[in-house]
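What follows is a group of structures, each given as C-alpha cells.
The following pair of complexes shares a single chain, chain A, combined with chain B in the former and chain C in the latter.
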Partner chain A sequence: MKRLSKYRRHPLAAALVIGLGLLLVGSIYAFATPAAPAEASNARNQAVQEGRQMFLKGCSSCHGLNAEGTKIAPSLIGVGAASVDFQVGTGRMPMADASVQAMAKTPQYSPTETMALAEYIASLAPGPAIPSQESLNYSRDGNLAQGGALFRTNCAMCHNFAGQGGALSQGKYAASLMGVPPQKIYEAMITGPQSMPVFGDRSLTPLQKLSIIKWLKNAENEKAQGGIALGKVGPVTEGLLVWTLGLGLLIGAAVWLGAKSK
Partner chain B sequence: MSDHSQGEIEPFSDPGLPAHVHRRADHDPVAEKRAERQVATLFVISALSTIAFIVSFVGIRSDQYIFLPLFGTTNAQQLALGIFFALALSAIGFGAVHWAKTLMPDTEQVDLRHTMRSAEVDRRELAATFDDGARDSGIGRRSLIKRTLGAALALITISPLILLRDLGPLPRKQLEHTNWQKGSRLITDPGGIALKAADLQVGGVAHVLPELPNGRHQTLDDLTRDAVLVIRLRPEDLHLNAERTNWTHDGIIAFSKLCTHMGCAVGLYEQRTHHLLCPCHQSTFDVTTGASVIFGPAARPLPQLAITVDSEGYLVAQHGFTEAVGPSFWERSV
Partner chain C sequence: MSDTQATKSGIDNGAFDFLDERTGIAKALKNNLRKIFPDHWSFMLGEIALYSFIILLLSGTFLTFFFVPSQEEVIYHGSYAPLAGLQMSQAYASTIDMSFDVRGGLLMRQIHHWAALIFLAAMIVHLLRVFFTGAYRKPREFNWLLGIGLLTLGILEGFAGYSLPDDLLSGTGLRIAEAIVQAIPLVGTYLAFFLFGGPFPGHIFISRLYTIHVLLIPAIILALITVHLMLVWFQKHTQYPGPGRTEKNVVGYPLMPVYMAKAGGFFFIVFGITAFLGALFSINPIWLYGPYNPSQISAGSQPDFYMGWLDGLVRMAPNLETHAFGHTISWNILIPALIVPGIFFTGLALFPFLESWVNGDKNEHHLLERPRNAPTRTALGVGGLTFMIVALINGGNDIIATHFGLSINQIMWFSRIGIFLLPVISFLITKRICLGLAHKDRDTVLHGRESGRLVMLPNGEYIEVHEQISADEKWTLTQHKQYDVIAGQTNVDSNGLQRATGIKGRTRRALSKWMYGEQVAKPTTADLEIESGEH
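Let's turn to the complex of A and B:
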C-alpha cells in the first residue's frame, strides 16, 4: 500500500486510473449484454417463420393463405397472440368439424408450436398479447367480493351463477369455467372468442379481471354443504330428481301399502 | 234374431267374492314369530338411527367434509343427520305398516252406511238450546246492542278490502323516467369507470349506468330502471334508419337492459350473430336492427339510448329514453 501510494501524485496516475476504469466498465458492459437483442429477434423471426409454415399446413385452408379470412372462417389479422393461445391452447382450433361451435379438446399443437403460431399471427398486426404469468397473481391482486359482483353482472347470464356454463341459441353454448387455467380465462375476456363479447381494459380493468378469476377459483373449490350439488344448475336438476326419484319412491310405497300380504 | 232365440244362452251365475285366503302368519306359528321379529327389527333400526343422529350431531365437526363417488365432496355432518333422520322416521312407518299387514286381524268387515240426519230428539234439543241462548242474551230486546254489533260486524269486513289498495297505486308516469338525461356519462357497473369511445373494441360490451350528479350513487331502485348494455359493432353491420343511426356513435349502440317482456336483465350477447338473448324466456333481439324481436315472447324492441361523445371524448347520453323501459304496464303511452 505504501509503495503504491507514493506514485499517487505521478503525472500519469490520473490517466492510468481513468483508463483502467473505462476498461473495466467497457468489459463488464460487453460481458453482461452479449448481443442479446439480436439473438432474441433472431429467435423470434425463426418462430414467426415456423409459425407461418404451420399456419400454411394446418390453418390456411379455412383462414386463407395470409390469414385474411374466407367465407367459412374469420380473418386473423389483428386478433393477437392471446387469441391464438386461447383457441389453439385449449384445443378449440383446429375445429374437429364445421359445427356451430368449436369445442375444447386435447390441444393438437404442442405449447412450443402454439407459441410459434401466436408469434406469426401477432406479427401480422398488433393485437392483445398473451398475459404473463406474473401479471396473473389473482390470489394477491384480486378482490373476492368484487369479483363475485362483477361476475354476476358481466358473466353469470351466459356462464351460470356458479360458472357451470349454459346454453345459448341454436346449439351454441357458454362453456363451463370450472378447471380452466387463469391465463385462458383472462385471454377469453380480452379477445372474446366465438360468441363471447370482448371485455376491454376499461369496461373490466385488469384488476377487475383478476378479481373475477379469484372468485371463479374460489367457486371451483367450494364444497357442497347439503349433499349432491346436481351440477349447480339450480331448480332444473333438483326438480327433475324430485319428480322422478322422489315420486317414484312414493309410488313404490303406495303399491306396497295396497298389496295384500301373503 | 231367430238364431239367438233358438240358441238359449245360459245366464252367468254370480261368481261371488273369491274365497278369503289367510296369510301364512295366521296359521303358521313360525311365520308369525318371523313377522313379529321383522317388525321389531324395523323399530330397533329406527331407535339405533335416532341414537346415531344424536351422535353425529354431537360427534361430527360441522366443517368436516368427505368425498363420496357420484356425490362429490360433501359436508359429513349434514349428510349423516339427513340419512339417520330419514332412517329413523321411515323405519317406524315401515314397521307399523308391516305389523298391520302381517299380524293384525285380516278378517273382512262390512260397515253399513247410515243416514246423515240426526235423531229427531237431538234435533229438537239443539233447537231448544239455541232458543234458550237467544232469549237469555236478550238480543231481541236489547236493540242497542243488536244494532251496534251489526254495525261492528259489517265494518270489520271492510278491513281486508282496504288492504287490496296495496295493489295500487298505478305507476302513471314514474316508469317513463330514468336517471338518464342529456350529458349523463356512461359509467361501468360495478366499478363506476366513465367510458370513452376508444375503451370499447369491436365486439366488446360494457354494462353501464348513468353517472349521477353531485356524486350520488345508484340505489337498488335506480338499478331497476337505469341498467344499460352498450355494445360496439362495425358501423357497417348496423341497419338502422337515419334517426336511430344518429343515436349511435361509430358503431357503439346502447340499449336498456330490461326485457320488454317481464323485465329480466337481457345480458346474453352473442358477438358473432349480434343477437341479445333474455335468459328468462329466451326472447331474442337483433342488435343490428335496433334490438327488434326475432324470437320469443317479448312484444317490443328494447328501448335504445341515444349516445354521443362529449368534448373530452367520454360517451354520454344525448337525452333520456324516449319511451318507458321495462315490461308493459297499463298506462304505458307507447
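Let's turn to the complex of A and C:
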C-alpha cells in the first residue's frame, strides 16, 4: 500500500492504472471474484470524495472551490499530500485569522480526515507524497554529526544553532523544532512551509534529511551539559543573568559588608 | 613555658629588627598599615572588578594548559558524539576536549567566562559610581583616564577570548570585526589583510589572538591596574560628605586589620559567586554552536553584552554606501562601529577636563558630590546610559522578537528613533528629578523634616509638625559647591579668571549656562536666620 502510493503520481501511473483496470475487468470475468487493488482504488476514491467535501466546507473559502487559490491564499494544485499533512497535521491549516504567519496549534482534523484532505489535494496534481513511517527510521539510518553539520549549513540561519527557532523579518519567525515529530520535519523540508525554502532531494538527499532528523531528535533529548541552559539562544540570556543575578548577588554582598562595619 | 615564649618573641623581634635596621620597613609599614579607607558599599564596585580580574588570571592559566591555539584542521574523535568525525580546527577541538574530557575543564571554562562578564559589568558600574559622584574631579582626572583605558582593554580582551575557541559564533563575530576593520577608509582593506595574514579567516589569526589574549592585554591591564591602585593609595580615597568629613581628612578604618580582613573576605565572596554561576549555569556552550565554518551562520548570533551595544548600533544603521575613486565607503559600518563609539568614548574620557574648563574650578576635591547637586551632569550620565541601553536592546532584537512576540522591524524602528529620542527624554526627566530632590533638601534644611504628625490649630486648620534637623545634617545638605553661570557683561568671571572671548568664550558661556543655569540655590546663613526668626 504505502509503497504503491509513493508511485501514484508517476507520469506512467495513469497508463498503468488503465492497463491494470482492463486487466482487472478481464480477471473479474474470468474468476468472478473481487480483487484487492480494486478495493484499494475504491477506498481511495472514497477518501478523495470525502476530502473534497471537507475541503469545500473548511478550506475553499480561502483556497477557492477547486483549490485554485484566491487573493488571500495560494493555489494548492501540485503542493502534494505532504504539504497538506504538514499544514493540517500541525494545526496550521485551516488558518485561524489573517496573521502574518499561520501558527501551529492543536490540529482540527483527525488523522483519517487529514489523510482524506491530502488524498484530495494529491488527486488534483502530482506533488510530494507523505513519507512513510518506515522510511523514517532515523535511529537506524543517518549520521548524527553529519546531520548537525548539515543543520548548521541549511537550517540554523533561521532556526538557531540548537533548533530553538529564530526571528525573521516583519514579525515572521522560524518555529522551534523541539518536539516536532520526524514525519513533520521531513514534510517541512520537502514542502517548505511559508517563508521556509523547499529542500528537494537534490539539495538534501533523503539520507541527509534523515541525518538532520537524527541530530534534531538527539538535541531534543541531550542532557544539559554544564548546568542550566538559559534557553540555548546564545549570549543574550547570559548577559541578562550577569546583570541581574550575578551583579545583584555581588552588590548585595557589598552592601551587607558595608552595613556590617557600622 | 614562659621561657620559650620569651625566647620566641625575642627571636621574632630580632629577625624583625634585623630587617628594619636595613630597610626601614617598620616606619613604612606603620604608615601604610594605618592608612585609612572610607567605607561604603559603592566603593567596593572597583574591588569586584579587581577580584574578577584575579579570578580571570587564575582560571585563564588553567585553560592555557589545555587550549591549543591553532587553526590546523583535525578530525574530532573525542567523547562528544554529535561532533564525531567532523573536521574542525585544533582550537575548537581542544576546547571541546577541555570541556568533556578534562576533569574540571568545563567548570573552569565557565568560571573564566562568567568572571569575564562580571569583570566588565563591575567596571561599568564602578565607572558609573565615579561619574555620578564627581569622583573624577581634580586631582583624579588621570585615574579616570586609566579607568576608561581599562574598560576599553577589557572589552578588547573579552572579545579576543570569545574569539579563541573558533566556534560558529566566535567566527561570525570575527567576520564582523573584519568587516569593521575593512570599513576604515583607505587603510582598512590592507589592515584587515595584515591582521588576518591573508583573506579571512586565514591560518594564523587564532595563534596571534592567543598571544594578545593571554599575554599582551593582560600584561597591560595588570600594569594599568597597578598604577590605578597606586594613585588611589597616594591620592587617598574620596568620601561622601558628612559630619567631620572634610576635603582635608579621610574618615574610615585603618587598612590593617579592618580593611584587609574585609577585602580578603570580599575576594572569597566574589570568587564564591563566580564559582556558583560557573557550576550552575551553562555559558558559551560551543559544542552546540559547532565548529566555525564560513558557509554557516546561526539565527540570533550575538556577541557578549560588552560588545552587544556595538552590534546593536551596526544592526540599526540604514544601508548607506558611497562609491568614490574606485573605493567603497561603507557608512553603514563606519558610522555605527567606529565614529559613534569613538565620539562616545572620547567624550567620556575628556569629560573631567571639559567640566572643569566650563566651571573654571581648578581646586582639588576629595569630597564626593551627591548626584542631585550636579543635575546636568547626572542627567547627562543617564542620557548616555540610555543611549547604550537602546543600542544593547537592538543588539538582541532577534531574541527579544521571538521571546516577546514582537517583530524585528518594530524593534529596529523603535531603536532607530529611540536612540535619538530616549536619551533626550531621560536627560530631561533626570534633571527634573534632581532639581526636585535638591528642592526637598533645601526645604528640609530650612523647615525641618516632615514628622507625619498633624496638629489642629485653634482656628481649626491642620498643620504638619516639622522637626528641625541637626546641625550635622544641615552641614551635609549644604556643604556642596555651586557654580555660577559665567556672566555675559564683565570680562572676568566669578572665579576671577580672565574670560576668553571669541568662539571659545562663547561656547564656554553657553555650556556654563546649560550646566549651571538651572539650580536650586542652597540656603544661605541669612535664609536660615530669617526662617528661625519666623518660627
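The rule we apply is simple: the second predicted complex is superposed on the first by the 225 of 262 C-alpha atoms of A that agree within 3 Å, B and C clash if a C-alpha of one lies under 4 Å from a C-alpha of the other, contacts with A are read in each partner's own complex, and residues count from 1 in each chain.
Keep this in mind: a residue touches a chain if its C-beta (ideal position, glycine included) is under 8 Å from a C-beta of that chain, and two chains touch if they have at least 3 such contacts.
Everything numeric here is computed off the predicted structure, so don't read it as measured data.
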Message = Looking at A:Gly171 after the superposition, I want to know if it touches chain B, chain C, both of them or none. Which is it: first, second, both, neither?
response = second
Inquiry  = Output check: A:Gln183 vs chain B and chain C. Expected answer is one of first, second, both, neither. What do you get?
reply    = neither
Query = Touch check for A:Gln87: first (chain B), second (chain C), both, or neither?
reply = neither
Ask   = Regarding the shared-chain residue A:Gly192, is it in contact with chain B (first), chain C (second), both, or neither?
value = first
Dominant toucher of chain A (residue count), chain B or chain C = C
Inquiry  = One more residue to check, A:Leu150. First (chain B), second (chain C), both or neither?
reply    = first
Ask   = Which partner does A:Ser203 contact after superposing on A: first (chain B), second (chain C), both, neither?
value = first
Request  = Could you say whether A:Ser211 touches chain B, chain C, both of them, or neither, answering first, second, both or neither?
outcome  = neither
Inquiry  = Contact-wise, after the overlay, does A:Ala162 reach chain B, chain C, both or neither (first, second, both, neither)?
reply    = second
Ask   = Can A:Lys223 be said to touch chain B (first), chain C (second), both, or neither?
value = first
Shared chain A contacts, counted only where both chain B and chain C touch the same residue = 146, 149, 153, 157-158, 166, 168-169, 172, 224-229, 257, 261
Task = Using the touch rule from the top, collect the residues of chain B that touch chain A in their complex.
result = 23-25, 65, 70-75, 78-79, 82, 97, 101-102, 106, 188-191, 193, 195-196, 199-207, 231, 265, 267-273, 275, 277, 279, 282, 284, 295
Inquiry  = Using the touch definition from the top, list the residues of chain C that touch chain A in their complex.
reply    = 39-42, 44-45, 47-48, 76, 81-86, 99-100, 106-107, 110, 114, 117-118, 121-122, 125, 168-169, 253, 258, 262, 265-266, 269-270, 273, 276-277, 279-285, 287-290, 293, 295-305, 308, 396-399, 401-402, 406-410
Task = Write out the stretch or stretches of chain A touching chain B in their complex.
result = 146, 149-150, 153-154, 157-158, 166, 168-169, 172, 192, 194-205, 208, 223-229, 256-257, 260-262
Key: List of chain A residues in touch with chain C within their complex   = 100, 143-146, 148-149, 152-153, 156-162, 165-174, 215, 218-219, 222, 224-230, 232-239, 241-243, 245-247, 249-251, 253-255, 257-259, 261
